[in-house]
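Several structures are given next for inspection.
Consider the two complexes below, in which subunit A is the common component and subunit B and subunit C are the respective partners.
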Partner chain A sequence: MSTPILRLVAQRIALGILLLLAVSVLIFAGTQILPGDVAQAILGQSATPEALANLREQLGLNDPAWLRYVHWLGGILHGDFGTAQSSGLDIASSIRVRLKNTLFLAACAAIVAVPLAIVLGLIAVRYRNGFVDKLISGLALASTSFPEFFIGYVLIFVFAVHWQIFPSISTVDETTPFLERLQAVVLPATALTLVVLAHMMRMTRAAILNVMQSAYIETAELKGLKPFDIIRKHAFPNAIAPVVNVVMLNLAYLIVGVVVVEVIFVYPGMGQYLVDHVAKRDVPVVQAVGLIFAAVYISLNIVADIAAILANPRLRHPK
Partner chain B sequence: MTNELEFLSRRVASGKLSRRDFLGRAAALGVTATFANSLLSNAAKAAGPVKGGTLKAGLQGGESTNSLDPATFLSQVPFAFGKCWGETLVELAPGGGIEYRIAEEIGSSKDAKTWTMKIRKGVQFHNGKEVTADDVVATLKRHSDEKSKSGALGVLKSIDTIKTDGGNVVVTLKDPNADMPYLMADYHLIIQPNGGLDKPDAGIGTGPYKVTVNQPGVKHGGERFANYWNADKYGHADQVEIIVVNDPTARMAALQGGQVNMINRVEPKIVDLVKRLPGVTIRAASGRGFYPFNMFCDTAPFDKNDLRMALKLAMDREEMLNKILRGYGSVGNDMPVNKAYPLFSDDFEQRKFDPDKAKFHYKKSGHDGSILLRTSDVAFPGAVDAAQLYQQSCAKAGIKIEIKREPGDGYWTEVWNKQPFSLSYWGGRPTQDQMYSTAYLSTADWNDTRWKREDFDKMVLAARGELDEAKRKKIYRDMGQMMRDEGGLIVPFFNQFVDATGKGVEGWVENPAQELSNGHALIECWLQA
Partner chain C sequence: MADSKAQSGKLLDIRNLRIEATVYPPGEAPKTITLVHDVSLTLEKGKVLGLIGESGAGKSTIGLSSMAYGRGGVRITGGEVILNGRDILKAGARGIRALRGREVCYVAQSAAAAFNPAHKLIDQVVEAAMLHGTATRAEAEKRAIALFKKLSLPNPETIGERYPHQVSGGQLQRVMTAMALCSEPDLIVFDEPTTALDVTTQIDVLAAIKDAIRDTHVAALYITHDLAVVAQVSDEIMVLRHGRLVEWGGTRQIIKEPRQEYTNALVSVHEIEHHEQQPGTAPMLSVKNVTAAYGGGHVKVLKNVSVDIYPGQTLAVVGESGSGKSTLARAITGLLPPEQGSVVFDGRTLGNRLADRPKEDLRQLQMIYQMADVAMNPRQTVGTIIGRPLEFYFGMKGRERDKRVAELLDEIEMGKGFIDRYPAELSGGQKQRVCIARSLAAKPKLIICDEVTSALDPLVAHGILKLLLNLQQVEKVAYLFITHDLATVKSIADSIAVMYRGEVVRYGSKSKVLTPPFDAYTELLLSSVPEMEIGWLEKAIKGRRMASAGN
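For the complex of A and B:
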């Protein structure tokens, strides 16, 4: 690879790290603005003033905000996210388990959704404006328009309650064997696939159609190439950049935005973990999870950017 | 008819119907005495607990922030799991009163200030050690320590000293309290080795199940503890499992799909549909929880009893009960206690919706303009709808209510107990004294109606120190009357705990103290093949 590309890539990564740092400040500031405090939230309605004061003292809530931020950031750089204030468990090890679950579910959904969306997009372009195109677009749009919980409930009703072939509760843990794990995520992964499918499919279709207007496609047609070969060999490679972008966006969504699906299928992922700890004002956990989510977003975007750069011949072969 | 007979015979077997009554009813159904008797013995055989299997519950109310330290218990899952692995000194009996567990006997001095608890011999912790009086003392001390963050700190405030005396534990109180044994039934007070001082969240107790799985917010599991002292009564399944299912629809689906054997918190609006499902049994128990509209008695305009009375009379309790709880509850009578409490006099006149009288009192109060009522979804399920219904019934009495919907986040810190007119929720307490002391004494932190009456405080203290039950009952009656006619709370209804069980779950006992048969469902029920 040539130096300009390396420089561009390095620049992207450096920017990403800076962005992550800025996000960490934002996350920290945001958690400070939340009403109520951790002690009150942990003890709930049954909090007496004495118990509150004791707990606040014990949690170090009386230190100034900037000091707590510095301590926290220092810890993270050493791989230490601290302990959850509410349950006293080590955050890093709790997150490891949850993150693995989340990534597994996201991966299962992505392995099905991404190729399916792209292939459907290609087919839609091949038969553009015809019956097949309209059918694919219609079904994909319909599945996306239904809220996630509705799709989830329908899947549960049909496959878990009526036919009883898949479990409605997808609880997994570290000891769950791979095949059982796979069986557990079938329904949530299907729900997620249906949710993200249309976005990617439509984007693929639009991007390729855009390229199809070009003069060289006409040349290829006049050359007598088969329609599918034209799309595959000539149109798609030039449409990769926007497609990769939207795929990455959806992958990020599969990792950070699936709390509803997690709740419905009782899947122990990051989303539920975050929501629980927001409710308890458990600042260290909220910050840690927030930071991880930000990192996922930023790195997937970097990947998209780099892919776009690499896919662009003008950048690959500079004069 | 066969179904009815079977049902009746099962009731006899579980002690809910007398044998004589059963035979009478069987005769009325045209069955010979011999056949009826044989049915009865079959039922008794069938009703005996079946050992084995895995009993699974899908429960709402578990978070990834939960800990096994009983001092931190707050939501339903830790509560129910705590009953599996731990035990308290006493428990609340299904029919009111108390049942002895780790304590074998509790006696008091004549002034109800010194209490002696005899600790049961031969009760083993999961780590093999036997429970001693020292463990009990350490547990009580940990929870009652000034620096403790235990949820039981409030109820233990009245304790002065805790000492051992041979195999007994002697507790002296600052003030007389005839209800002292009930305090020991608080679900936080699980007896732990050395009081849990070494490792509060070790999960080692004396309960029928040993902790095997502890994944907060996901699932908890236990396997039968071989040396459990009370194995005839509790711990029938080989294993128990609690799966946290916070979504009501997912819970119902899990029960229907057979992934769990029981669930809690069935939404009142779907109960009628659920009843028709094959194999599913609704288990409803009328409880002590209630949903009050709280008015501050010391803040204008609620400082005038006429206005309070007008607002009470403008509440259509029947309509509320039917629309908000779909009938799964009982109407309230503007006092924080009901007949689920021991020593309650069930002869109060029921307050009814009376727009004319409400109008009269409203006029007399001299108030003009609208009254601001604060509500939120988190106050209780349906709280926003309840406020709107109330607004309509008030309009019929010429009272204008303005509703402010507050965000759920921070409702308990910013609105409840801070704003003069708001909706709230109380889970109830095991005794009338605890309920009144928690929220209706002048000095109570949670006096959420700002009910500050010296005469009332005196009655609370008098009743607390009175060992003569008839006299106490009389004082409680007077207190209830006073709350009803002058207090700052409007109580539309008391709730019911609505749980459900799937196929083959037997041995359920109705208990008004808490949901899931006071958390005992997993250790008390068994799976009938």
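For the complex of A and C:
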């Protein structure tokens, strides 16, 4: 590893941390601006003014905003996200279970979707503008165009109701064994795969086609390489940076954008947790989940940036 | 098959080759054009045939047909290409892949673009040999290192471990030659292998290629537009024009006794008589001790440069790439503010930065660039492009402006029929003429010409040089003529500045600069310009005092 690379990577990570801090401020400020009052929400419309005032005092709602922010952030840095106002449960431990579930679902979808999208992209380039290319692009675009809830219900109808191969409700808990867990997420993971596939596939195709115009592709052709080997060996390594970028964006979507799919399949993940607590106006939970989503998004994009830096031979091997 | 090969000794026999392409002109129906009209050629084993002609002559297209390859949408529609006794056009995709990189290898014009930036050089050099099973990895690497040595590359054992961006252009071109030789082919197609290089680097690469061809007994098709270059390496030369054969003969016959008028024009293209003007009393523009750098002062590209330009005269700035020629132009125009020194124009010091200069100063200094097609807005007509400076500097409008545009088009010998044309509808030479007209429209006192003929074919470049000289007579405009081509310098300059690594190493009137005794660099530069003389290359290599900077 050379110093310019280390410096670039360190720069990206520092920027990411700074960005995350800025996001935490925004999240905190945003939830303060929202109308509604936690004390009111907890006690209901019939609460007496005295009870409300007492509860506000107890929750620290009367402190100035910046002090509450410092307390909040300080707690998070120590792993303490506070307690959910609606249920009184510790947020960190609830999130731990939920986050694990969400990551499991996202990982299952990603393991299938990413290689599939890239291979389909490579095949589309190999038969560019031909029947195979149009078929792949057409099917992928069609699957993306359908809303996720539609795909979800179609999958439930076909595989859970009609053929009864997979469960329609993906409820799992901490005691569920791995294989059962896997069986439970097959349908939601499939729905997610269909949603993110086209974007990654089209981007892979476009990035590689761009590289296919280069003179070194002609060199490879004139060495007698087979078309698919040219794409794999000579075009793909030079298209990694844009492909990694779009893959990371989609991975982030798999983690932070699964709300609809989780609700359809009644899967106990982060998305459902968030939706439940937004409805209850439970500000600490919404803040915590928002911050975790932001952290996931930012770190995946840092990974993409670093991968793009490492993929560039000019940076990896300076003169 | 082996018998027929032995009997005839013919390696390649192209018969009545016809190559077509479909073009899609804007706003018209697609049409088929013929790029190569029934060309035939034969090449014996171990011989070198030079294919020569201007761009569009079909030389690369013919060269690539020996690998059954059509670049872009090009199709081979007729004739036979018989390689080692069989018609490769009938070989099918698998048969064609088996011969590419095995029987025929290709050396491209720009090795910098032809190497994959993501892989080490050695992996790319041995790839074809391993693919076709002519060698194991270890054998192929051994062979590659031997070839690196033969092509006099530095550190032959380890240079393969480098990536393409880590070696210079001249070295890369030699690595590409090694790559072609590594699978021990019968034929190599060299497609302008030295055109993109500096003259001082070109001579080394040329010598390396010539030695390699001699020692490995490989046959070659050597494609170039430079007759002097091809005369050094070929046994025979074929002259092509517009996809048709003009003349085919031995190298000596083609360059000494050309039978066709066109060949004659190619042979004699370099000479324009230009009488040197004596410097006047006061220079119009003086560059005084200018030092300039890129990257916040880290990379010094100009070191204490001083030159003068006299009214109505031409100062030529010569040197190889990286010598600071174009940076000098950027410093004069204010695009790159100098760190030290000043630029004096008409007796007053110009602002260092572009933003500090009034419109009138900007008008007096105009520029013409190497790449005419990227220097014009593709969506504007010729009339708009030339009319723009008229509006901007003189506030001309409507009929008055159109009249002046028509006059300018007459001056550049194009006529007002071109007013409504778009750049894409013009040839390379016409585009450069439009750029000249645009710069003249501002009525400047000085035009900076940055490699304006380098991208053009010799005959077209010749026309542009003549036009520039005529315009100088009529408009009394001065030129700062940046070039790496010494033949152009002789045709156009009144005084010359030779630049080397950011410094002016020789400066004076043309006759003084080009008269011995020379300093080492000027001599290297002068002796590296290919001459149309058989045996020039060996003589020039023998007589050298210093190595070129590109190595």
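Here is the rule we go by: the second predicted complex is superposed on the first by the 303 of 319 C-alpha atoms of A that agree within 3 Å, B and C clash if a C-alpha of one lies under 4 Å from a C-alpha of the other, contacts with A are read in each partner's own complex, and residues count from 1 in each chain.
Following the convention adopted for this analysis, contacts are C-beta pairs under 8 Å (C-beta built on N, C-alpha and C of every residue); 3 or more make two chains touch, one makes a residue touch a chain.
The shown structure was predicted, so the numbers you read here are calculated from the model rather than taken from an experiment.
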Touched partner set for A:Asp282, first subunit B, second subunit C, both or neither: first
Partner chain in contact with A:Val263 - subunit B first, subunit C second, else both or neither: first
Touching partner for A:Gly82 - first (subunit B), second (subunit C), both, neither: neither
Subunit B or subunit C, by number of subunit A residues touched: B
First (subunit B), second (subunit C), both or neither touched by A:Leu225: second
Subunit B versus subunit C as contact partner of A:His234, first or second or both or neither: second
Touched partner set for A:Ala51, first subunit B, second subunit C, both or neither: first
Footprint overlap on subunit A, comparing subunit B with subunit C: none
Subunit A to subunit B touching residues, read off their complex: 34-36, 40, 42-46, 48-51, 54-55, 58, 84, 86-89, 94, 153, 156-157, 160-161, 164, 167-169, 171, 173, 263-266, 268, 272-273, 276-277, 279-280, 282
Complex interface listing, subunit A residues touching subunit C: 214-216, 218-226, 234, 237-238, 311, 313-314, 317, 319
Interface residues, subunit C side, partner subunit A - complex: 67, 69, 71, 96-102, 105-106, 108, 110, 113-119, 124, 127-128, 131-132, 162-163, 165-166
Residues of subunit B defined as touching subunit A within the complex: 58, 63-67, 69, 72, 74, 146-151, 153-154, 201, 213, 215-219, 243-247, 249-250, 253-254, 256-260, 409-410, 412-414, 416, 445-446
